[in-house]
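Here the chain labels run A, B, C and D in written order, and each chain numbers its own residues starting at 1.
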Amino acid sequence: MDLSFFADPVFLVQNLVDGLSRGALYGVFAMGFTLIFGVLDILNLAHAATFMWCAFAGWFVMAAGGLPLPLGLAAAMLAGAAIALVLELLAFRPLRREGADKLSSMISSIGASLIMVSVAEAAFGVQTRRFPDKVLDPKPFFIGGSGGVRISRAQILILAASIVLMVGLGLFIRRTRMGKAIRAVAANQKAARLLGIDVNGVIVVTFLVAGALAGAAGILVALLTNNIVPGMGGQIELRGLAVVILGGMGNIEGAVVGGFLLGLVETLTIAYLPGGSDIKDAIAFLILFLILLVKPNGIMGRGKAERA
Amino acid sequence: MKAKRTFLCVAVFAAAAAASAAPLSSSIKIGVVETLTGDNSAYGISIRKGIELAAQEINASKLLGGSQLALVVADDKADKQEGISVFTKLINDEKVAAIIGPTLSGTAFAADPIAQKAGVPVLGTSTTAVGITAMGDYIFRDSLPQAAVIPGTLAAVIAKYKPQKAALLFQADQEYSKSEADVFKASLAKLGIQLVGSESYSKGDSDFRTQLQKLSSKKPDILVLCSLVGEAIPVLQQAREIGIAVPIVGGNGFNSPNILKNAPEASEGLIVGSSWFIDSKVSASTAFVAAFRKKYGGDPDQFASQGYAGLYIVANAIKNAGSIDRAAIRDALVKIHGLDTTLGPFSFDENRDPICQSVPLTVKAGKYVLFQ
Amino acid sequence: MSEARRRASPYIVAALIVAADAYLCIKNPQDLDRLLINAMLALSAFATLHARLLSLASAGFAAIGAYASAILAVKLGLPVYLSIPAAALVCGLVALVIGLPVLRLKDVYLAICTLGFGEIVRVSIILLPGLTGGSTGANLSTGFAYEAMKKTKTWTLALALAFLCYLFWAASRSRAGRALRAIRENSEAAETMGIDVVAYKNMAFLASALIAGLAGAFYAHSVGSLDNGDFKFNRAVDILGYAVLGGSGAWFGPTLGAGFLTALPILLRDLLGSAIGFLKNFAQLPNILNGLALMLVIIFAPGGIAALFARAPVRGAFLSVPPPLAPAAGITDKVGVADKAGVAEAPARRAGAEGKPFLSLKGVSRSFGGVEALAQVSFDLEEGKIYGLIGPNGAGKTTLINLVSGLMPPSSGKIEWLGREIQGRRAHRIARSGIARSYQNIQLFGEMSALENVIVGRHTHMRSGLAAAWLRLPSQKREEAEAREEAMGLLSRLALGSIAGQEASKLSYGDQRRVEIARALAMRPRLLLLDEPAAGMNEIETAALGDFILELQGHGVTILVVEHHMDLIMKICDEIVVLNFGRKIAEGPPQAVARDEAVLEAYLGRA
Amino acid sequence: MDKLFEPGLEEAGLLEVRNLEVRYGGIEAVRGLSFSVAAGSIVAVIGANGAGKSSTLLAISGLVRAAGGSVLFDGRDIAALRPDRIVRAGLVQVPEGRAILAPLTVAENLELGGWTRHQKVALHQKVALHQKVALHQKVALHQKVALHQKMTSDDGIAKDLSRVYALFPRLAERSRQLAGSLSGGEQQMLAIGRALMARPKLLLLDEPSMGLAPKLVAAIFETIAEIRRAGTTILLVEQNARQALRIADRGLVLSHGRLLKEGKSDELLCDPSVVEAFLGKA
């Protein structure tokens, strides 16, 4: 333990800020992931590829097209929704029938993601791309003068977005008519049918929403990391899974909170443990491992993880 | 002087050629095994571009008289088993005279022994890890091992800034970045600079602020960054973003036009050491850059240059051997001496590692220039 | 498509895959190692998936095995024929340690947890450079010289895989294999057949780890160098792909899946590599087609390749089929077989515990959420009698049977069986102690034949374990044959001889009910719990069933039957217990109960 | 189609089931069943477990694809329709075991019961127009009610909600609770109330009395009678044969997926063979 840092409140606050924004990044990515799982309980392993394509869509609109951030965000979310729709129709619906077990849809999503990533590589190349500074000024603010706590616009944006999306999605799911239908389908498809709900229709809507979320995540993550490559999805995917589990499968708020948790754990490990940056991954996954064993439904989960 | 040497060589190898069993055929197959798909394909792709440009020139210039070079390109997918598989395929089915590649040292450690066993010369153009060429007398490379670059660079930095304390950031789970960092640590120690902090990140990380913050809190005089091109840009930007003002010394990954293009402000003043850089005044290099821009309409990077040089080295060896007999080519490679390449006059040492210039560079006004 | 083609298609698919692989490996022997190792990894994934465990730990275990064997062989100079098995054992140990906690999780949770395990393994490799070479990898530069690493010959690998395949093949036709299939089909029913589900699942996880470790070790010595990237996340996903695409229903499925997914990219590479023009510069094309194929195959064969075989009718499902018998002919035919049928021997196996109450419930309650399904129910059963348990739907009859058979613990109260308290004891132990049951909503092992279903009932009375099956000991063969014969006998007793070979799920309602009873009887129970055995049977069948139950009583089996056919109840029961709304409202001989006001009010429904 | 001349089919009912067949794998649950349900009546289906009662209902509501036969509702064949379309057409099932949405609140469950209503309102307006042009046309009572409400206020759902709460005061008390936390009886009320929110022309009830205390059973049956009085046609599957037949106009006796007997319920109540098999000697 390197105690000299604990004395320094600025350093501590700084790490909290960085940790939370790092976590927001995971959370935003995980939201769409967990939504699909909550409704269909299948893992959509093409979510990361969708997310990557959205980042590129945003890049073309903002960097190549020179349009401002809001338009880029909108374009990315649109692209995400479109891609998700195609995935639902081609990769998932055909497997939503008698005798097809949940794993097969996971496999077809793996196939889809392989295709999407390869096409992106062929189309865009693997050279890093980034948004021009005019999209979002990279110069950070310093709270309390220089030497104070630093926070960049991208960090503020992703922190805000993670909260807004979490609350917004929560309200959508809880309050709106469609949101209730989605929960009905998630709870009991048979019952939903008996209520006259077009289950496939509701599932399509779910995919559209999840896709749009992937779009938002793509832009935000790309802004924060300035590193747009076809592989960007695969790099965040595993942590996204971890976050989904931490928050409890299908739990929107859980995903974001889980993201914050993982982000803080990583950051504080790096900051305060000697050689922390080397062991942060081990620590992160160890915690995931332990939480699963102690609280299988995740920190906020009400699912049913234990074998009956 | 040089002409004289060349004459000697020709004389020597004319004899060898006359003796050797397999004379030059109309088409000579050269295997090119690079990582062309996946996260690491950035390197493989630009190497391939360099090689294909070289092949075009060589065939046009009749360097090998009547016979043409035919490239057999294969993707190793940065996977050991795939590397082994394509090596075997090229050697047994395609009967290649020599192989250039693979892109990553990890793959090389698995695949090169196949060629060694079969007696096929292999020239690595991007493998820098310790022990690559030690795998056998058929294994060569024209990529300078980090140990041959870094001390020189650091010496130049010390001469200018007189740093007392250095801090280091590298990617822990990546072979290249890790070994580069190890070499930096060793040479820093040798040069009596105190390493006040060493932090790492791992694949998939995109936020390096915390590591950088921790390092900057140790008040180093210079910051050393070992990253691959992908992470190099965000690392550099975030280092500047959190207000690190001290000179930054970058590893190999920072010698790329991409850095200049994507991190114009952040890269200003960046120091890297390399055997080649885009504005190199070496005649072969200026010609190469011009031809590359003409063919591909973009700037070549170090890997393209090394690939380009690599094929010229192999071609000259074949010419000197006057034969496509693999053993003869291997012997001719060993004897390559002071060959004019984009990397400057090029030779192999007794371990079949390259002997060529390595210059310290710095970024001024969006260009790599010699660092004094 | 036509019957013939449906029959043939799976074999054609398999043949194509094998042919493709053979072609590749002849063309490029180096690919054979890869194929064999992937097939081995597929088997490792199969071991868990077959038991319905969605574990992605194979890659992690392979990494452990690879590094363990490399270190043992290179650093400690162990010969590979020792280091490889040793490495597998290391994985086994790790599996035993993490297995117990981890296997509590189900489905995706287990998947993610095991992914986390893999990631921890990978990071640990990086964090132990002294031992593993860290992120530089295990190669010449870290003291793992190629010559020291590259030790195995392909034939040893092939031999090992062949041996593994034999083990799986032999196991699949053994008692343990049957038990695993039963668990896979319906783990709850399996539990009440006396199968220790948890133990079997741990065994499956252990097997998976051992095999993955073996594969990893072979990988190390086949490739000749290692690094932490060799077994990362996407490798784990590939392995899962082999097993799911191949189908986790039968062991050969995943091996075929591995064969397919290994051959495909290589074929694509070679075909497109020699293709013309722009394709040469389109390096991603093979990957794209690979993904496309993956999607198409799984969409058109969602159950995997093995499932295609399952759909093709079972060839020579079994030996001697007695001539078909019309169910209407009743059940009491072929009485001759009765003594063979094991029922007769039931009374012979009388344990002590005389004098003590046979089965007694003392204030047993069970509530779900807020709803109390069973409240303070107490009654005793005497050995050798037939008891009827009646009451309106939802009165708690099935709940009571679930409590006695141990599928769920009572919220309060005691259940004494032969003088020992058994409440809360796990179902398989209760089953072993001589309590068998049938289910109201039929719980057969749907994809197994009627005969197999009944043989599963013999589980607790069969001894021979895996070792015996692998050594093909005569004792094991004899036992299997006896079990078969006995099961056949029971089926014939219930007029099911003609359909013994058919898949249980394809049988008619009444037949499925009788198969369930046969399966329960195969356990030679002392107490038999029948939950609406006559539901879906016509009058004749019902009457015949009544006679059969009486006959069982004659053999000394005690029976508790839940039924709505009042005439059946009235005819066969010595005592009747009436439940209503979770409470016992009457108990006594049929006539008395039938006159009971409360009963008429509540159940027979006189207002 | 000789089936047309079967007893009970002379005047075409709201629901016409012809030669219905349902199979699960090898199990023939329903084997060529034909019957008719007249508008505004209660028809009770009785029979032993496994006689095919539930399978019949599932096939009618479209949750299980019929292997053969036709289901005519309001004159159109709905056998091929998706379940949600069938509900829109005005045929709503309360399944055995209630199938309530446990993680949603009581209020939300009821609200979702009215899911199809948005479109329905439009449909009602059509009906209204129809009536204006052709007043002679006979229209089900609840359509009149709906039309009336459409005229008086736009908030039909709120009105129905209050009606359901009036019918089941317990639900009003528990409206904020999660449906999963309700007792068996309350869940049954919720399931029925939820179905009513869809303003069904025909209500299919599968074992509404299952697992309920006698007095609750009585209450449920009273409610069912009341619902019919409000103009909703009801097809009722019951174990509790006697009580079911008491409130029903006609009864169907099923055995092994076939129609054993069919007739006026009071006749069935004193039919010796039926009493023997299903009512118990009383």
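By our rule, a residue touches a chain if its C-beta (ideal position, glycine included) is under 8 Å from a C-beta of that chain, and two chains touch if they have at least 3 such contacts.
Computed from a predicted structure; not experimentally measured.
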{"item": "Neighbouring chains common to chain A and chain D, by label", "value": "C"}
{"item": "Chain pair with the greatest number of C-beta contact pairs", "value": "A-C"}
{"item": "For chain B paired with chain D, centre-to-centre distance based on mean C-alpha positions, whole Å", "value": "78"}
{"item": "Centroid spacing, where centroids are CA-atom means, of chain A and chain C in whole angstrom", "value": "36"}
{"item": "Chain centre separation in whole Å, for chain C relative to chain B (CA means)", "value": "55"}
{"item": "Residues within chain C bordering two or more other chains", "value": "123, 126, 283-284, 287"}
{"item": "Contacts with two or more other chains, residues of chain D listed in rising order", "value": "none"}
{"item": "Junction residues of chain A, two or more chains touched", "value": "118, 121, 234, 238, 278, 281"}
{"item": "Set of all touching chain pairs, with the criterion as stated earlier", "value": "A-B, A-C, A-D, B-C, C-D"}
{"item": "Residue ranges of chain C touching chain A (in the complex, touch as defined)", "value": "49, 54, 101-109, 111-113, 115-117, 119-120, 123-124, 126-127, 233-234, 237, 240-241, 244-245, 282-285, 287-288, 290-295, 298-299, 302-304, 307"}
{"item": "Residue numbers on chain B that touch chain C, as the complex places them", "value": "36-37, 41, 73-75, 78, 80-81, 84-89, 92-93, 105-106, 109-110, 113-114, 129-132, 134-135, 172-175, 178-179, 202"}
{"item": "Residues of chain B that touch chain A when the two form their complex", "value": "37-39, 41-42, 45, 172, 199-204, 206-207, 209-211, 213-214, 217, 229-231, 233-234, 237, 241-243, 258, 262"}
{"item": "Interfacial residue positions of chain C with respect to chain D in the complex", "value": "369-371, 392-395, 440, 446, 505-509, 511-512, 532, 535-536, 538, 564-567, 580-581, 594, 600-607"}
{"item": "Touching residues on chain A, where the partner in the complex is chain C", "value": "37, 41, 43, 45, 90-91, 94-95, 97, 99-104, 106-108, 110-115, 117-119, 121-122, 234, 237-238, 241-242, 244-245, 249, 278-279, 281-282, 285-286, 288-289, 292-293, 296, 305-308"}
